[in-house]
Amino acid sequence: MTTRELNDFLTRTGPGTPMGGLFRRYWIPALLAQELPEPDCPPVRVKLLSERLIAFRDTQGRVGLMDEFCAHRGVSLWFGRNEENGLRCPYHGWKYDVTGQCIEVPSEPVESGFCQKIRLASYPCIELGDAIWTYMGPRELMPPHPEFEWVRVPSSHRYITKRSQDCNYLQAMEGGIDSAHISFLHRYELRNDSLHTGRGAALAGGTDVRFEVVETKGGMLLGVRRPAEAGHLYWRITQWIMPFHTMIPPYGDNALNGHAFVPIDDESCMTWSMTHHPTRPLSERELDTMRNAGGIHVRLIPGTFRPVVNKDNDYLMDRAAQKANKTYSGVKTIAMQDAAVQESMGPIQDRSKENLVSTDNGVIMARIRLQKAAAIAQQGGAPDGIDPATHRVRSASLVLAENASFLEAAADALHARAGVAHTSV
Amino acid sequence: MTTRELNDFLTRTGPGTPMGGLFRRYWIPALLAQELPEPDCPPVRVKLLSERLIAFRDTQGRVGLMDEFCAHRGVSLWFGRNEENGLRCPYHGWKYDVTGQCIEVPSEPVESGFCQKIRLASYPCIELGDAIWTYMGPRELMPPHPEFEWVRVPSSHRYITKRSQDCNYLQAMEGGIDSAHISFLHRYELRNDSLHTGRGAALAGGTDVRFEVVETKGGMLLGVRRPAEAGHLYWRITQWIMPFHTMIPPYGDNALNGHAFVPIDDESCMTWSMTHHPTRPLSERELDTMRNAGGIHVRLIPGTFRPVVNKDNDYLMDRAAQKANKTYSGVKTIAMQDAAVQESMGPIQDRSKENLVSTDNGVIMARIRLQKAAAIAQQGGAPDGIDPATHRVRSASLVLAENASFLEAAADALHARAGVAHTSV
Amino acid sequence: MTTRELNDFLTRTGPGTPMGGLFRRYWIPALLAQELPEPDCPPVRVKLLSERLIAFRDTQGRVGLMDEFCAHRGVSLWFGRNEENGLRCPYHGWKYDVTGQCIEVPSEPVESGFCQKIRLASYPCIELGDAIWTYMGPRELMPPHPEFEWVRVPSSHRYITKRSQDCNYLQAMEGGIDSAHISFLHRYELRNDSLHTGRGAALAGGTDVRFEVVETKGGMLLGVRRPAEAGHLYWRITQWIMPFHTMIPPYGDNALNGHAFVPIDDESCMTWSMTHHPTRPLSERELDTMRNAGGIHVRLIPGTFRPVVNKDNDYLMDRAAQKANKTYSGVKTIAMQDAAVQESMGPIQDRSKENLVSTDNGVIMARIRLQKAAAIAQQGGAPDGIDPATHRVRSASLVLAENASFLEAAADALHARAGVAHTSV
């Protein structure tokens, strides 16, 4: 049972919290690369793990991510001038480089060495997979770069977006590892969405379903099996890679989908949505569909990462569509269905009131793994999921003989193999 | 004097509070019946006494009122599917009947008996007088159904609405039992409103006015008398029935009016407005007037119970109308004048700063009665106002001989008598 | 260093705080006179030093400023009727005169003397310089009236406005005594604004600049010097008069400008902007420019004192203008540039994180002076800046011989002299 104490433990990721300590051991997707499209472009405010930061790309194209506020008098560097390899505070012209090092204080003589003593908290950034990632933990413990397949394929094979959610990261992520809700919440979408065709879609409403959870080195496998042709089972296998990555089992010949659920602060998170194909560019039809809020992607309020459909407008609830079985919940699109139910639990779900069942084993296991990993991180150990080898995995959907061990039979399918397409029926 | 402690005592009605314990001993108007217009219609969110609830009408037409959040993972059942005699959570299909009993958990085998163990807190509902009432207290102490005259007349004789107020119930209700403010705050409306004609209206501004407060079994009588023809007094008598019902003295041959002031939470309340005629249907003229925000009714923001005129727009203050004596306060309509001054006191008025006078005797008495009743309720006793006999009363306006005891002389007039019109001059 | 404790000390001005005690020893600009344009005009809500007050002008033209809420039941007197030398509560007709004395309680017999016992907290007001000033401290310690030059010149020589800021008064005021930021934040405005022409504007971007801070009886002089023609220095001298008045050094033949930074509450302040010429009426061109948000004045949302450009719209950030060196920060107009950076520090800047340098000596000195003055005020002593003699000063800009003491050489220029124009090059 998740007590209030454990719930607090799992959901708080600010500086100084145990879970915050764990999250600061991983590379975290912080911005879309296109948010900093070119050298000396405008700086961007970023809030991560309850820290207010400013991101900028300098004249040489390097990305900096540091404390939002000038070390001098506390002005937001969002008003800063991004010029000549540094971000300059508009108030008195103090200038910082991408490492947070102050490199100019106009009022002080250069020879005083004053500005060398001034340094903003800053976090190293890398660009991978059209995203800017940062590492917010102790430098000596920095892990190797992430190696998720979606970051390694060519840009043409990938489409990624992000959207904010008005709830804690954990309830969003728990939606991502909760295979059981698909047949309910998304029942009608799977039958109608052009990016969700294939066997899984047709079977979505079936009832003879079994769920299996298998721990892996980097996280978990969540297997769902249904009866298939005689003597066979149809398997759909989700990957969870710690601390917040998921890989959704594929549908037919469509591309792979995944999410990362990144805490903004304790009451909101950024849900990243990644679509990629291992072996071919995404087609214009696929891209068009996603740009028009198809698949797992959503329409955003221009200039923001907030969905147009959100809690302030009751997710544009359509009761007639719900009644007519066009949508199960009255909310349109898979992504917003997830967001709606997750946000409806409140900014931080009170898990002490839950009643979990066997289909929640994945959720239960994830909490245990996170709790254990936080303890390991507190002792300076290496938590699961920081080893890039654990990233090189895939989700899969496949038909196996009834008596086959899915772990053995699907072993290849569950690993990212360069030049080999994913396994999907 | 109302200390801060007593003020807290009187104004807090959430679970576990003494006043909350008292209120949970009465039938409470929760929704207009038309909010749940037909079987399997959309569920409705209701907040009562600081509890977040969901109301729905099932396939058989029965009304349920229960905890808003699914017992499984905390999703709001507002997204629920109302189908086949139960409300189904859209996340994993858990289904509840109108008693809050879980009747289906799709993932669990029926024979496990799992779902029988799951039950949401729920409150019994009845439909009376075009309203849905609920009882939120201990089942063994449930009182008989309310018998206010407005709930007992045919629907054609009645018009009821509700509107939210941005303040604690007590300061709204205290307005309802404060006869003294009529001659000031509503001075000009009484002369001009077609539903407020009659002797009282003409005399509204008079100065030789006396106030009398008489305790009754169910609450209080608030008598206001003014000089009438030689040797006579013109009396206007308000009823207060515990814990939050008021009956406004009538004007001429107009229908009777009353209110119920129901806590939403400690900083807002729902003000119900009931107009009824004991012996005849309301006329089209009367209904039209009320539908157009006449009498004690107001215009609402579509899809909400929030008045169009509200604190966010400074109640559309019209200083010119105030200066020209078209309105006394610059705010239009009796209902919004009340709301404006009540809300201006703050979400919860700090009564420790008051300076009460003799015309506040009704207010003082109500606080004493509520305080006493809460103590009785805490001991499991029967607080005043739960006996339906105390509901079968009326307000009245009448002329009595100077030396008559108004209690004796108006005894008949102050009781609801089937088939006999109210006493009003 | 400014610890968190000292930061709290300096920034909290509500009742009972040390800094609140200090501020309550001065005459404070509370309203523009035009906010109460004529006898019996509508009352106006005013929040000052965290106190919610109501201002009104009675039938005789006298101004009252008192507790916003009626002593009876707590209704806001903003709904009050301003009639026959008093403000009448719309609820039960209680009436107050400009001293807060209750002068009528309609329900109580006059002979009872009841209303004499009722008095709202109220503060004496004076009208000076098109502003209404109030004194919120102990009556026996009331200082003489303010004698700033801008209040003493004819109305034709003066233009004053006010605007609210979403931050504590101190960070706004510190901007006003921070000469060093001009060359950065306002660099491009000084070259283009028709009310900021003259030598100072041309030199704004110069680098060989020295700052001097000199304590005065009423506050501080902040001198900035730059090289001028051979053997000479160009001086710009700002005045700070306690507790929150600043006088900006003039530009060429333009009028003088100054500010007062008045706490609304701890998280917002009212920034007053005063432009005056000591010896001539302001021209139509000057007035037109200021009415159109020129100079130090801004465009306001109609019916409010909130700037049209504000944090909710990111100050209409124009990145292209910033990049093209049309504005240094991307924000338009001097006033809103100041507001933007000041507000960006948060509602109350955390000064414990600052790194101050020598050009912050004025800021450091002001904090010390305020801290000392609060201690003196707590002991009932006379803090600096309450003596009107300290108000009769001016800012100046002038060229002095290199070896001259600016204090001696500019002594005349730094005093307000009737009939003599200010010193400005």
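Each chain carries a letter (A, B and C) given by its place in the written order, and its residues are counted from 1.
Here, a residue touches a chain if its C-beta (ideal position, glycine included) is under 8 Å from a C-beta of that chain, and two chains touch if they have at least 3 such contacts.
Since the model is a prediction, treat every value here as computed from it, not as a measurement.
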Inquiry  = Just to check the components: without chain B, which chains are still in contact with one another, directly or through others?
reply    = one piece
Inquiry  = If I list every residue number at the interface of chain A and chain B, are over half of them used by both copies, so same, or under half, so different?
reply    = different
Gap in Å, rounded to a whole number, between the CA centres of chain B and chain A = 48
Request  = Spell out, as numbers or ranges, the residues of chain C touching 2 or more other chains.
outcome  = none
Remark   = Seen from chain C, its contact residues with chain A in the complex are 174, 180-181, 184-185, 207, 317, 319, 322-323, 328-331, 337, 340-341, 344-346, 349-351, 353-360
Residues of chain C touching chain B in the complex = 40, 42, 69, 71-76, 78-79, 81, 90-93, 105-108, 114, 118
